[in-house]
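So, here's a batch of structures to check.
Two complexes come next, and they have one chain in common, subunit A, joined by subunit B in the first and subunit C in the second.
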Partner chain A sequence: MAQALTSRWPRARDGISPWLFLVPAVAFFVGYQVYPIFRVVWISFTDYQFLTNEPARWVGLDNYAVALNDPLMWVSLWRAFLFTMMFLPGTIILPLLLAILIDRVTSPRLATVYRVILLIPAVIPSTLVFVLWKWMYNYQVGPINHILVEVLGLFTVHNAPQWLGGTSLTLPSIAIMEIWWGLGYHTIFFLAGLAAIPKELPEAARLDGANEWQIFWHVTRHGLQPIMMILIVLRFGTSMAVIDEYLIFGGFNRDSPTYTWTIYMYDQAFKLGMWRQGFAAAIGMIGAVVMMFFVAILLYIFRRRG
Partner chain B sequence: MTRRTEQELLLRRLWRERLLRGEIDRRTFLTNSLVAGLGMAGVGVAAKYGIGSALAQDRPLTPTYYQWIVDLHPSIPQVNAQFPGINAQIAPVEGFGIERFVAEAKNGESTWDVYVGQTPFVEMSAMIAADVIEPWDPYIPKDVLDDMIPSIRAENTIDGKLYGWPFLLDVIGMGWHSGITNKAGLPDTPPATWDEYLANAKAVVDSGAAPFGATFDAHGWRSLAPMTHSLDPNVYTADGLFDFTSDQAIEALMLMKKIMALSHPDILLAGASDGGVNGTPDEVAFAAQRVGYYTKYFNAPLRMAQYWDDPGELHLAPQPKFTGGAGSTVFWTTGCALFKHGKNKEKVAEYIRALTYDPQIWQDSIAGTATGHPGQLPPYKSIYAAWDASPPDWMPPFVGLVRSQLDQARAITNHIFGLQQFVIGQPYWETYLKGEEPDPRAAMQKVVEAVQAEIKRG
Partner chain C sequence: MARAAQLEELGTAPPLSAGEWLRLNRAVVIRHAVINLFMVIILLPLAWVLLMSVKSLPDAMRGNLWPRRFDFTHYGFVFTKIETLPINLFNSIYVTAATVLITTICAVLAGYALVHLRPRGGPFVVAMLLASLYFPTRVVSIISIYEIQSFLGLINSTSGLILPYITLNLAISVLIMRSVFQLIPHELMEAAKIDGAGPWRTLWLVGLPMARNGLVVVFIVNFVTAWGEFLLCTTLTNDQTARTMPVVLAGAQGGLGQWAWPRLAAVYVIVVTPGIIAFTFAQKLFFKGLAEGVVKA
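Up next is the complex of A and B:
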């Protein structure tokens, strides 16, 4: 009996060991990722208000019905989508072009200098970036309007562009800032992708008479497809869910293009009335489902073929 | 282990403070410190003899401040020095967020004893609803209560209970740049009525003294409400909401449009900090010396004038009034909220009394220091009376003018939507200001509908 137990123990131990090693990661994943998601889903089905001590009551789909019938929900989602459409091309096309140019620099020292210069914006803390661009875009004292009004004489102090603060130029202005901020970071992604493409492939294509465009389109583009997919999916998610920049550059004016679904959610959860966090959770879940729908489409478009 | 060490340290600190205050003798101090230093056994003994309960109830006096208050009022540490062992902290309330206070109250606890930074119409109703704060009435001395300017006492009172101990008074008034207005041929006397104000602003533009004549902060509680009050401050519904469709509010909205015609085009845009509330375009225009006249709380022109070639060219006066109007304005105090689950409540009252009566704080606030010039005023009658009886040499003339206006001034009525009604309504009344809606009353009706729709949601 004792011998049988002894012989079974190593096998049992071997079976348990991998699970034991997984416990910290699983605990972290469940506690830090799964639980908050389910908690928010649960809250979205209640009338939970943060400022009251009354227990939350189950209201079923009421919050979702109210949110889906609220024009502000759809307008605010559309605004986030518009920003994403302004921002995403800049995170792919510009860094891709830059990466191809830097990849062709033959001097290693010069290539390193370019990489370092490009990475400078990425290492500036967000607070400084926002302060810098708020000053750049300032209507009264910003250098952009100073050049447009005082140097070039294209505008006057009465009709100069109003870049930030809720005008139609606000979203493109923020998109330009974001593209500048992430330019070096995204370029590094593409440089890594280019390094993974065997040098023989473009050389062989060149020997076969392909021009530079054909080499890019038929060789380089295919090699960079996985990097593009990662960047587009990641940045789609972050750009649809931007909140800090909108809070800083747009505020809580519902007419502002920066009043997106994330601000609407924040407004309901931490500003209005008794802080309707059940309703805010429903807004968040609707936004998340819309984003997941588009991410699924993107993953389908970039699926591995052949 | 860490917890035990913390308890030992806290106990030792407690006994040291009591020794310094003269509440215990040296022998008791040494005995108790020895007991507290015996590790867990010592803490157990301490608990048995009541030292544990002393630890729980006698933590150091722990006020927490909104950051800007400490930044703008450099004499606060001198008041703190009068309270040995005080543990003054900066509050986690960036952007007026009170979620930490609420979260702690839900657990029946509070890290702090008192919050110095509460603005009644912004957050007091929410703090009461969430059971975060309690009334000051059992703790505030009667002579202090009687010394408050009546309109300020009313601002801090809900259902007959004083939930805010007022400290820093902000009043909406007027400032002008005499370098610009003199260039436009205007006298250094303040325009008393809005008609004079508009005429002067037009003179600034017409003369080319500055590109813009006048400006205001587009947030409703800083422009629409005070301009309405200047005609009549009794513009609140029975529910305590601002009556946006009242004749007075419509008049104020029309006045805003007239001022806008003489102002910088970005006047309606959001500010650059605190969710668009601060760092507003009016401040930038006034700091850049591009505008002659300005209506906002005094702190704004005072701060912006520091960027001028000659800050001495700033003049301040009460807000103008409509001809035949009440001549009122809007004020608010940034005061102190007593945490329900805080400690040291009697001592907190003693501290806040010392803080709010401190003469150096008021001199610094009104006359300015190297670090700031907030221009915030005291809430007590006796301080103004003392200044009237013996005017200090640093006293600028605007203080007396504003004090006299305070008898007519009124705060925005406390309501859970006290501030948010203006945030919700702004895009709707701006349709009139932008020329998208020709009828101001129609625009204001949409404001009422939008606010009511939010209130119905809860």
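Up next is the complex of A and C:
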């Protein structure tokens, strides 16, 4: 208590100075994240348009009513969810398996080499990952179709799979690309979690005659639970709100499985001639709320388990 | 399994026949085989694009994986014959350097202040930063960011991209620096204060040297994001000369002429290599920083 009193004085005296350090970060944060979000919320209640000179009119919940009665809204949300379900299991299970294997590598030099290779995809910037895989999946020169057609002979040039461009294969193709991208990064996360488990625990279990699977299920799994929860929540959120990949691989065909709520919003805001920003903002808010609703459920389930 | 592990640890196993060795070390062999399979999967797409960049043009059209004739002239060609390439490359370097620099400065100052200066409203700022990570801000805010940029006259301006780029990773960068500064004992900072150092000198002389690993993480994270940003760049600029290199690459249709496949691949290799090389050199610091900053945050 006495300490609290003495430390109160200097803090009150230079109460301005700490904020000098915070101002740059907070200014950018408010200007380009907090304000834009509240602005979009406001826009979603109006008939706002960039291109007209007339001031935006308040239309209440009209945009939301139109969006919620629009089958495309629900279809586009469902597509985002579908993609998440294709992506999430692979991006958790494969790195988990790989991390358990690498954790047992005894040679420190080899372990370092593996770690460096693992993080290489993570330091490739997003767009360059998409460009690389756009070429991998390319119909003409892509190595995937080359192997399927020329090497394995499973297809001919005429019926070779069309991976991208809004076909039914496009969402799985993007999911595979995303799993590749996150493989190393997530493995590093799990490795950090494994390193935190005391080595005596699995050793003791092994001496008690537990097999590898039992050790994983009863010992390792509990140690990794916090990291697994963080990864599931974070990746669920990001994969529900994917947009760049769909813009590059899918385009603006409404029948394409890549036409999710993010693309629907972008299409309304920037691509269609009329530029209905008010309606687009409502789509964006609905998508964001649905995403956060699921994230909240996940957080609730995980919180109860500890 | 247990015996194989013992032998592996001893390192001086009695002489064994190859078959017997394999039988005893089966688990080890399978483990390394699986790990290496994953490593190959990670590296193969990159190896393919590297190979593509040195293929002769007819080989590229045929699509053979291994070329009949190598051609190393594509790298020279893309620099001398594609007029927009140096411009786009310059745009990328300029925007990324400015973004990384400004974001890092903001993050260091804010992280330091939040931990060691304890400003009023600090916890509220932290809560807001955390909350922003759970909202799809980047996607939804694009509508009003377009409005802001057009109000400021920054549509189609390369420099204008820097402003929204700074905020893309600002929240996570501040949080990383905050947890790095939390590792520095408060007494150390107090000691500097008692010696008469002001908050700026304390940060510069005591805080920064100890926050080095976290700085590397913030640097790399921001570099990767700014170097490869697509959504904002494609929305806020129209002319190819205002855009960054990856966005131009994403729009390029492979085919003939200056965008023939090996030439595209050469551009790709030029754009992707700096990050990988920088990371390989900094990996030790990066992993330490990751342990200090991200895993705790």
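Everything that follows uses one rule, which is that the second predicted complex is superposed on the first by the 267 of 306 C-alpha atoms of A that agree within 3 Å, B and C clash if a C-alpha of one lies under 4 Å from a C-alpha of the other, contacts with A are read in each partner's own complex, and residues count from 1 in each chain.
Keep in mind that, in the parts below, a residue touches a chain if its C-beta (ideal position, glycine included) is under 8 Å from a C-beta of that chain, and two chains touch if they have at least 3 such contacts.
Just so you know, these numbers come straight off a predicted model, no measurement behind them.
Undergrad: So if we stack both complexes on subunit A, do subunit B and subunit C clash, or do they fit?
TA: After superposition on subunit A, subunit B vs subunit C: clash.
Undergrad: Between subunit B (first) and subunit C (second), which does A:L247 come into contact with in this model arrangement: first, second, both, or neither?
TA: In the superposed model, A:L247 contacts both subunit B and subunit C.
Undergrad: After lining up the shared chain so the two structures overlap, which partner does A:F29 touch, if you call subunit B first and subunit C second: first, second, both or neither?
TA: The second partner, subunit C, only.
Undergrad: In the superposed arrangement, which partner chain does A:N69 touch: subunit B (first), subunit C (second), both, or neither?
TA: A:N69: touches no partner chain.
Undergrad: Kindly classify A:S168 by the partners it touches after superposition: subunit B alone (first), subunit C alone (second), both, or neither?
TA: Neither partner.
Undergrad: Could you tell me if A:F50 is touching subunit B, subunit C, both of them or neither one (first, second, both, neither)?
TA: Touch partners of A:F50: subunit B and subunit C.
Undergrad: Tell me which partner A:F270 touches in the superposition: subunit B (first), subunit C (second), both or neither.
TA: It touches subunit B and subunit C both.
Undergrad: Between subunit B (first) and subunit C (second), which does A:N138 come into contact with in this model arrangement: first, second, both, or neither?
TA: So A:N138 meets both subunit B and subunit C here.
Undergrad: Between subunit B and subunit C, pick out the one touching the greater number of residues of subunit A.
TA: C
Undergrad: Across the two complexes, find the residues of subunit A that touch subunit B and also touch subunit C.
TA: On subunit A, the overlap between the subunit B and subunit C contacts is residues 50, 134, 138, 140-141, 247-248, 270.
Undergrad: For the complex, which residues does subunit B have touching subunit A?
TA: Spelled out, the residues of subunit B in touch with subunit A are 97, 99, 102, 106, 126, 129-131, 211, 264-266, 268-273, 275-277, 279, 281, 284-285, 288, 290, 416-417, 420, 423-424, 426-427, 430, 454-455, 457-458.
Undergrad: Residues of subunit C touching subunit A in their complex?
TA: 2, 8-9, 31-32, 34-35, 38-39, 41-43, 45-46, 48-49, 52, 60-61, 63-65, 102, 105-107, 109-110, 112-114, 117-120, 122, 125, 128-129, 132, 134-148, 150, 163-164, 166-167, 170-171, 174, 199, 220, 224-225, 227-231, 234-235, 246-247, 249-250, 254, 261, 264-265, 268, 271-272, 275-276, 278-280, 283, 286-287, 290-291, 295
Undergrad: Note which residues of subunit A are touching subunit C in the complex, please.
TA: 11, 15, 17-19, 21-22, 24-26, 28-29, 31-37, 39-40, 43, 50, 94, 98, 101-102, 104-106, 114-136, 138, 140-141, 143, 146-147, 150, 180, 183-184, 188-189, 192, 206, 237, 240-241, 243-244, 247-248, 262, 265-266, 269-270, 277, 280-281, 284-285, 287-288, 291-292, 295
Undergrad: Give the list of subunit A residues in touch with subunit B in this complex.
TA: 47, 49-53, 66, 134, 138-141, 157-160, 162, 164-167, 247-256, 270-276, 279
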